[in-house]
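Provided herewith is a single structure, encoded as structure tokens, for subsequent inquiry.
Going by the order they are written in, the chains are A, B, C, D and E; count residues from 1 in each one.
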């Protein structure tokens, strides 16, 4: 369903990669691997439509993502280094903002928080959370959103071992429910589901 | 047609073509300016009111006119670049801005030099022309400051294009508002030799100067676009060839 | 996945969600509302101090000073309009949301005006009294300030979107926006001055409302385009 | 580890390193130097536009307007004085460096004045001309502006240190600083006005230079203390 | 040489830990471990003197660190999530600023960059570096500084596997040269040197 053809990306005046192709179907995971600075983050941002490719295009369900970006976005949730929550709002306030933006199931809020171990923290402003707790809130967003495509840049960052196992579990469940994942990571993903590797 | 335009907008093609075109701007432009200067300074009769002071008109009016032309050009090419994603068009906008700012500056300076004997002051807040010209200078500054603030060329292109377009929408409004503002109590204080009422000995050199300035502006613009293009394409093979070729000649 | 269509929030919900979130943020940090107000009051105080206390001088300059103060206060508060969204990654989320970006940008602008522009309009009569403005003038001043601050918020949003991520503070933003804001300033101040002189004010009010509507229709699109570019 | 004492940079080196780095940063982004300048020029343009073009009116208000513009331009540029250091973690590094923090804070303030205050002083004669100020006045204006902008940079640094990390833009900072800056403004503008009227100006200049020296001795310590608190 | 007695730290109105004691000698590593949000970052910041403990004090060479903070700082280099470099300056400009601040050996600059694989990037402004490259520059600062005490909050973040091995190597060398390390990490440190664990 998600495919890239003949992709080439410039950063500054360096060419990060060219002639990159991939095709990803439901239930599969695209794993972007590579050394520091090889362009994983840039590739993810460009697939999501935040950066422009120099050549080539990415298709979602057979249509270029840029042709109607909003349609593509309604199928996407995005997790990156900067998680996109407001430090002054509590995590419930932050997450319920999402319900105005995209298709979510509000009744999933509490179970998600519970699962991620965030329930005791609901009263705190987001900025008071530790680095790992903040990442967990971003995972809660993905759980709540009803979107088939998950894009995650280094999802294991700052998580303790329990948190890392949880991320693997969540991804596995999402794939089992016919979802798609695009992940950039240094850690091995250790999944049974079909993994398509894109070494950069 | 599209194909032709795209070929025209391709950097190497533009680079070759512009090298051929520039002399067609420079030569007539220089001739016109020389004619205009000599005719304007020595042969045109002194103005019956202003004496010889009026002769600064031969710099002032072309500069003022070009300051506006350059903004139009900048906004149009920025818009084209933004909509049709033509990089050359962005390069034209980027090259036009400093030229336009210089002409605006020149118009302001010559105007205020002229204003000194005419109105007895260097600057008169009451005049809408002066004020809106000054605001235009600020628009240019804003455009250039935004470009300078962004490292990445493509990003700078797009961001400054948005600004240029927003500014273009506002220019008529600015002009109109400034006029309305000062027409309240002032108005009659400004003595102005109105254009069409000029004797031909004055008018022809002026027209020659305007045309000459425009041609030289065109040449400067093309030259700046050329170097802009070279810089932007510095990694490409054709630029390396160009550099090698010029190295062999030199 | 078939139920997605049902739960997908409508445009109005998205618009209101942004406004609600931003107002909630402003509420949690009341400083954000009070600061522009104090700034406005303080510029209005500084001028008489700097220029000298001659009162006939003041009543001539009054409308101009109030307008310049309103313009500067709005500009200052605009700087942070998209900054925190950019820095904490919310901007990525807004751009990658299924809602149209111009709508979300408009929502943010509306919230900005409600928390920065509106209080300023409401407090302006207080300032007017210190400049000895007559009663009729105060009404005209509030009306023009309403249209004016809305226009300034909209224009300023474009500038804020263009400069977000450049770490340039307010200076670059002001440089970009001030030339565009000039017509609003001139018309606003003149109209108030005309009102003080008991002249007709309708032309100025028409102009300001027309400008405001023009900005309302065009600015969100420019802002959205600028946001996408700045976030690259 | 015994050679550490030898390579440990002295106070002067630390001071200069900060100045050099900040000037280098300003140099890489010339906008930082030019923006306050343009802002200054623009506020000086706004007032005549808002108040109306009567020139006798302008020459009375001239010194006041120039001073308010200088004050606002300095305030605006101050907002970013410690902000980027706070956000990128440089502030942690400065606090955890073996150099005394007041010294480093002073270094940053000096660099700020060199890149924002000094250009403003140098360009002020141009503005004076448009307000039709006489020649002698221009000299006095430049001198008072020099002392004034130094004091404002020093005072503003305290405010910037107190508000860093609060994500409040310039408004809170201005609120904190304006009361302290008021004496500078009043004395500065009055002195220039006196010069324009051919009166004695030495009292004002003494006051401004004394204020400047007082700020120079006390402000860096207050700034350093504020920085430590804000960075908790 | 570095010791903490009876430490207690409050965040908000929660007590993160109390009665915490440790003593760390030359050649040893203090490893702060724990789940997300247990207070590792806070503990490190408090040991460095950026936060205040509620009770207890930290001594460096027998003297309270707050008694003369500058003396303590001259023995310390600090690595945290936010690395403290200027995005507009190149990495050499950034690193040479350090020589004005603290005792460094300037002749170590090039070998350090080489070792961390940064040499080809010297011309780029810091902000153009990728997440992992930026962390490497911060490691270069530690290598250049002549300070016995290294404090590192999650030193492995964003690094590829080569980078992580390098961090281990650098720490081992530093300890072998009689240095001290205080590290907060989710990953196991895998070192031969004596490791003192502080579970939070």
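We take it that a residue touches a chain if its C-beta (ideal position, glycine included) is under 8 Å from a C-beta of that chain, and two chains touch if they have at least 3 such contacts.
Please read all numbers here as calculations on a predicted model, not as lab measurements.
Common neighbours of chain A and chain C under the contact definition above: B. Of all chains, the one whose Cα centroid sits at the greatest distance from that of chain A is B. For chain E, the chain with the farthest CA centroid is B. If you tally contacting C-beta pairs for each pair of chains, C-D comes out on top.
Centres computed as Cα averages put chain C at a distance of 45 Å from chain E.
One finds 30 Å separating the Cα centroids of chain A and chain E.
Chain B and chain D, compared by their mean Cα positions, are separated by 36 Å.
Here the CA centre of chain A is 48 Å from the CA centre of chain B.
For chain E, the set of residues touching two or more other chains reads 81, 87.
In chain B, the positions touching at least two other chains are 135, 138, 141, 145, 149, 152, 181, 184. In chain C, the positions touching at least two other chains are 29, 84, 87, 167-168, 172, 175, 178, 182, 186, 190, 232. Taken together, the chain D residues at the contact with chain B in this complex read 29-31, 34-35, 38, 42, 45, 48-49, 52-55, 58, 129-130, 132.
Those residues of chain A lying in contact with chain E across their complex are 11-12, 34-39, 41, 81, 117, 121, 124, 128-133, 135-136, 154, 157-164, 186.
Contacts from chain C toward chain D in the complex involve residues 29, 31-32, 35-36, 38-39, 42-43, 46-47, 49-52, 57, 60-61, 63-65, 67-68, 71-73, 76-77, 79-80, 83-84, 87, 167-172, 174-175, 178, 182, 185-186, 189-190, 193. Contact residues on chain B toward chain D in their complex (touch as defined above): 121-126, 131, 134-135, 138, 141, 145, 148-149, 181-182, 184-186. By the touch criterion given at the top, residues 152, 154, 234-235 of chain B touch chain A in their complex.
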